[in-house]
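So, here come the structures, one by one.
After this come two complexes, each holding chain A, first together with chain B and then together with chain C.
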Partner chain A sequence: MEKRVTFKGIWLPILLVFPQILITAVFFFYPAGQAIWQSLFIPDPFGLSMQFVGLGNFEFLLSDPYYRASFATTAVFSSLVTIVSMAVALYLAVLAERLIKGSGTYRTLLIWPYAVAPAVAGVLWLFMFNTRVGVVTWYLGLLGYDWNHVLNEGEAMGLVVVASAWGRISYNFLFFLAGLQAIPKSVIEAAAIDGARFWTRFRTIVFPLLSPTTFFLLVVNIIYAFFETFGVIHTITSGGPQQATTILVYKVYADGFVGQDLGSSAAQSVILLVVVSILTVVQFKFIERRVHY
Partner chain B sequence: MAQHNGMVEKRGAGLWLTHLGLIIGVAFIFFPIWLAFVASTVEQQDIVRPPMPLLPGDQFFENYSRALTSGVNAPVARMLVNSGVMALGIALGKIVISLLSAFAIVYFRFPLRKVFFWLIFLTLMLPVEVRIVPTYEVAANFGMLNSYSGLIFPLIASATATFLFRQFFMTVPDELAEAARVDGARPMRFFLDILLPMSRTNIAALFVILFIYGWNQYLWPLLITTDPEMNTIVMGIKQMFPSGDDIADWPVIMATSILAMVPPIIVVIGMQRLFIRGLVESEK
Partner chain C sequence: MKYALSSLALAASLGSAQMAAAQTEIEFWHAFTGRLGDLVAEQVETFNGSQSDYVVKATHKGNYSETLNAGIAAFRAGEQPEILMVFEVGTATMMAAKGAIKPVYTVMEEAGAEFDQSKYIGSVKGYYTAPDGNMLSLPFNSSTPVLWINRDMLSEAGIDPDTDLSTWEKVGAVLDQLKEAGVQCPMTTAWQSWIHLENLSAYHDVPFATQDNGFAGTDTELAFNGEAQVAHISAMGEWAKDGKFIYAGRRNEGGANFRAGECALFTESSAGYAGIKSEAQFDFEVRPLPYWEAVTAEPQNTIIGGASLWVMEGHEAEDYQGVAAFLNFLSSPEIQAKWHQDTGYLPITAEAGDLTREQGFYDENPGTDIAVIQMTAKEPTANSKGLRLGSFDQIRTIIDEELEAVWSGDKDAQAALDSAVERGNALLRRFEQASQ
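Take a look at the complex of A and B:
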C-alpha cells in the first residue's frame, strides 16, 4: 500500500520522523543493545571491570534450577490467567449477546475494571485475602479453611492468577461481544429451525465462527500475562513464597535491581526479548490484523 | 420442545437465568471495588478486628482528607498530580510524535523511509519490562531520575499509535492532497488544515487508551522515582504498606486505591464509545 500523491521534499519528512526515531534510538535500541552487550560479561566483585564470558551467562541461567523454575512458573501462571479471564469473559459475552434489551447496560457495568491498574487490582485482592484482616480469609476460616498465601505456594499462585485475570475480563468481554455480534443471525436461526439446541449451536456454529477472535485474544492475553502483570505480583506476593510466583519479568527486576546481578539480569532480558519477538511474530503471522504491509 | 428451548431469543425463565448469570458476573467484578470503598469509609478499628463491615461507615471525609493532605509517605494529592502529568504527557506526546512520523511515512518519499518504518515497528518487541536495567541507566545518565521527563520520555515512542495513524492516512482520498498541491499549499498547511481535523475521532479514541496506559504504569515509576514527592499514585500505594510487622493504615490505603481508580474510570465511562473504538482499532 502506497500513496499515489505525495509531497516533495527530503528534509521536512526527516525532520518529522526525527522525534520518534530519536526517542526510539535512545530509549529502545540503545538499551536493548546494552542488554545484549552486558549479557556477554560478568562484572568483577568490586564492579570495577567487566570480564567477557561469551555465552557463559546464558549457560549458567539455563542450568540454574531457579531460572528453570521461573520458566515453569511463568508458563503455569500465563496459561491460567489466559484461560480464566477468557472463559469468564466468553460466558458473560454469550449471556449479554442473548439479551435484546439491556446488553448495553451490562457492557457499561462490565468494562470499567479495564481502567483499574494491575497494581491496584493487586492491592484490592490482597486486602480481601489478607491473612490478618481479609474478609474472605475470615469467612474461609469460619468454614474451617485456613487461608495463608504468605506461606502456601498454591494459594499464592491462585491469588495472583485471579487478581490478574479479574482486571482482564473487561477487555476480553468487549472483544468476545463484538465477535458474537458479528456472527450473522440468519446462520444461528437456520440452525435453530433445524432443531439445534443452544449448546449444540454454540459448539458447532458460534464457537468455530468466533475462532479468529479467540485466537487473537489468546495471543494478547499471553503477552499481557507475561509482561503486564508485574504490578500484581509485586503488590501481592513479591514473587514468594520461595519464588513460587516469580515470573520471568519479576525475576529480571529482582535480579537486576534488588540482587544487582547485572550480567544475569541482562541475559534474562535477552531471553525475554526472544520470547516477545516470537509472540509478536505469531501475532502477525496468524492474525495479520494490526498492520497491512 | 425445539420451539421452547431452541428459540434464539430467550423469554421467560431463560431470560431471567440470563440476567442472573450476568448479575453474578457483575457482582464478581464489583465486589473487590465495593469492599475497598467500604474500607475507605470506616475506622482502622473496624478493619483490624475482622470481619469488617460490608456497608460504608461515616469516616469518608476523614479518611479521604487524611489521604489527600498527608498520606503515608507523601500527600496523595501530590501523587495524583504526578500521575496526571505523567499520563497526559505520555498520551499527548505519543499522539504528537506518532502523527508527525505517520504523516512523513505516508505522504513523502525520502531516503531511509522503509528503514525508519521498520525501526518503529521493532519497538513493538521491546516493552519496558524487557529492557529495564539498561533503560534505567540511560535515564540516570540523563539526570532524569525523580523528574517528569524521566517518567514520560522513555515511554513515549509508540509503534501502535504510528500504525494507527498510518492506516488512517492511507484511507484519506488522494484528491485532497492533490488539490492541496495544485493550490500550492505547503505540506504542513495540508497536515494542519486538512489531515489533523479529519483525524479528530482517531486522536480522541487513542487518547483514551493512552491516558489509561500512562496512568496505570507501575514498574517504570517504581524504578525511577525514589523521592516520595515524585511517586505516582498507582506505584505509591504499595509504598504505603509498612515493612515488617506494623499494621498497615488500611482506611488511608484503600482511600488511595479508590482515588487511583477514579480518573481512568471516569475517562473510560465518560468516553465509552471512543474507548471501545480506540481499543478495537489499536489492536487491529
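Take a look at the complex of A and C:
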C-alpha cells in the first residue's frame, strides 16, 4: 500500500533535496560537529590556548555524581511536564469538542498561554508562589500549609513543572482538538447506538484513533521539556534548592556561560545529543508500532 | 600649477580629516542599569567634557556575567573594548588571560601617567593586585558586608535597640529574645557564600583556600571546611531550624523582606544603603559585621565584593593614553567622593574618604562610614586580602547548594562544607589545567 514516487535520473532528486540538506548542514551538522570537536579540548575562555584531553571532559563529567544525578532530575522533570501538559490538554480538548455554545471563545482563551514566553511564564508563576508576597502562598498559609520552594526540593520541582507545562497545554490542546474533529462522527454514533457510554467510546474508539496525534505530541513535548524549559528554570529556581531542578540543559548553560568552562559544556551538549537521539529512536521503534494511522 | 593646487587641496583635506580624528574613542563596557547606570553616564560625560583629546563611549552589556561574556566573545572576534568591567569573582579568569589583558600599572607606566599605587586603600586594591603588589585592574565599585538592623522591631520585642551586636554570641542571644517575642523573621541574609563563608574566613583571619586564598598560585585548594567556618554554619543551621534565621534565596532576595520591615536583622552589602534608605518605613541602623568572640578577640578586616575595570590588549598606544587619563580621572578624590556618597560603595582612595568626612557626609548620614572603618581598621593579611579562585562563580553555586542542604536540615555543617570543598576542588583542578 506504500506510495512511492520514482525518479529516472539521479540529478533531479539531488537537486530537490539539496536545499534541505544545505539547511541541515549549516544549522545542524556544522554546529554539532563543532561541539564534538570542542568536547575533546579544555580551552581557556579567551581562546588563547587549547589543550587536547581526548575523552577527558566526558570522564570528568561522568565521574561526577552530581552530573549523573542530573539525568534522573531531567527524566523526572521531562516525564512530569509531558504527562501533565498532555493529560490536561486532552481533557480540555474533549470538553471543548462537546461544547455547542461559545466554543470559539473558549478555544481562543485556551490558546492564549502559548503566546507567553517561557521566561515570562516563569516570572508569573514565581510571583504567585513567591514565599513572601505570593497570592497562592498566602492562601496556602491560611490553610496552614507553609509553602517554601526556596528550600523544599519537591515544591521547587512541582513549581517548575507546572510553570513549564502551563504554556504547553495550549499547544497540545490545539492538536488534540484537531485530532478529535478528524474522527468520523459516524463511528462514534454507531457505537452510541450499540449502547456504548461516553467513557467506553472514548477508551475503545476515540483514544486509539487519536494515537497519531498523541504520538506526535509525545515526541515534541519531550524535546520541549528537554531543551526549551531553560527560561522557566532560570527565572524560578536557578537549578536549586541544592540541585533539585538542575536539568541537563540548564547545566550546559551554567557551566558554559557562567563558569566559562567551554570544554565541559561542549561535552555535555554531545551527551544531550546522544540522549535525545536514543530517545527518539526508541519512540519511533517501539511506541510508533502501537500507533494506528 | 593645477597639479600643485590639487595637492594643496588634498593636503588640506587630509589635515582636516586628521583634526576630526584627533579625538580618540575609548570603548567602556559596563554592567550597570537604573540609577547606577545614570551615575556612570554622568561620570563619563564629565570626563568627556573636561578635555578634548579623548571620547569615552560607555555601553551597558547586561549583568555582570553577561558583560564578562560579551567581553570574552568580543576578544575572540577581535572587537574588544578598551575597558571592560568584570565582577570580583571573574578576577582569576581575567588574570589567567595573559595576552588578552593589559595590567593597569603597565598601562599607566607606558602612558607616562601619574600613578601612585599607595594612594589606593589596601583592602580594596588588594583583591586586584599581583603578588608583587602591582595593580592589575582598577577597583570601580566595591562594597563589604555589614549588619543592618530594624530598630523599631527590636524595641517592639522589648529589646534595647542600642544593644551590643558586635559578636555572633550576642546576636544569638538577641535572636532568642526575638523568637520568644513572636517575631516571624528574626534574621535573614543576602549573598550567603560571600558573607557567611568568604567574609567570615577573612574576618577571623582563617584561610578560605590554600596558597594565600589563591593569590600565590592556581594550585590552590579550598579550605573553608575548617573549625571556624563549620562552627558558624552549624550555628546558622541551628538558627534556621528554630526559625530564627530565615533563608530567602541565593542572591539578595532577603532584602525585600528586610526593607518591608519583616526582618529584624539582615546581613547584606554596605551598598544596600541606597535601597534601604529609600524604601524602609522604619528606623534602621548599620552595624559592623559580627564576629565570633570564641574564635578571635578582635576581628581582621572584611573583604570586598563588586567589580573592577580591566584594560584589554590589542589597541593603539594612543588609545591607552586615553585609558590612563580616564582611569586617573575616576580615581580623583572629587569623583570618588561623589561616587561613594551617591552609591554607598567604598571609596577606592584614602583621599576620597577624607574628603567625604570633611564634607560632613558621615555626620549627616550616620553609619555610612562603618564599612570603610571595617575594611581599613587593620592591614590585610594573606587570609584577608581577597580571593583569587578560578571557576569561582560555579564554586559559589556549589556552596549555595550545600548551604541549602544545611538550612533545610538535610546535612550537618561539616558534611556540607566537606562536600563543597571536594566538589569545588575538582573545578579548581580543571581551571588550573585550562590556564596552563
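A few remarks follow.
Here, the second predicted complex is superposed on the first by the 234 of 293 C-alpha atoms of A that agree within 3 Å, B and C clash if a C-alpha of one lies under 4 Å from a C-alpha of the other, contacts with A are read in each partner's own complex, and residues count from 1 in each chain.
Here, contacts are C-beta pairs under 8 Å (C-beta built on N, C-alpha and C of every residue); 3 or more make two chains touch, one makes a residue touch a chain.
No experiment lies behind these values; they were computed from the predicted model shown.
Between chain B and chain C, the partner in contact with more residues of chain A is B. In the superposition on chain A, contact is made by A:189 with chain B only, not with chain C.
In the superposition on chain A, A:132 contacts both chain B and chain C. Of the two partner chains, both chain B and chain C are touched by A:257. Once chain A of one complex is fitted onto chain A of the other, the partner contacts of A:152 are limited to chain C, with no touch recorded for chain B. Of the two partner chains placed by the overlay, neither chain B nor chain C lies in contact with A:71. Once the two complexes are laid over each other on the shared chain, residue contacts for A:44 go to chain C alone; chain B is not touched. Annotation: chain A residues 132-133, 257 touch chain B in one complex and chain C in the other. Put simply, chain B touches chain A in their complex at residues 2, 5-10, 15, 18-19, 21-22, 25-26, 28-30, 32-33, 35-36, 39, 47-48, 50-52, 54, 96-98, 100-101, 103-113, 116, 119-127, 129-139, 153-154, 156-157, 160, 162-163, 167, 169-170, 174, 177-178, 181, 187-188, 190, 212, 215-219, 222-223, 234-235, 237-238, 247, 250, 253-254, 257, 260-261, 264-265, 267-269, 272, 275-276, 279-280, 283-284. Interface of chain A with chain C (complex): residues 42-49, 51, 53, 60, 64, 66, 131-133, 150-153, 238-243, 254-255, 257-261, 263-264. Interface residues of chain C facing chain A in the complex, by the touch rule stated above, are 65, 68-69, 72, 75-76, 93, 96-100, 247-250, 253, 256-257, 260, 262, 391, 393-394, 397, 400-402, 404-405, 407-408, 410, 423, 426-427, 430, 433-436. For chain A in complex with chain B, the touching residues are 1, 3-7, 9-10, 12-14, 16-17, 19-21, 23-32, 34-35, 38, 88, 91-92, 95-96, 98-100, 102, 106, 108-121, 123-125, 127-128, 132-135, 137-139, 166, 169-171, 174-175, 178, 185, 188-189, 192, 195-198, 216, 220, 227-228, 230-231, 234-235, 249, 252-253, 256-257, 262, 265-266, 269, 272-273, 276-277, 280, 289-292.
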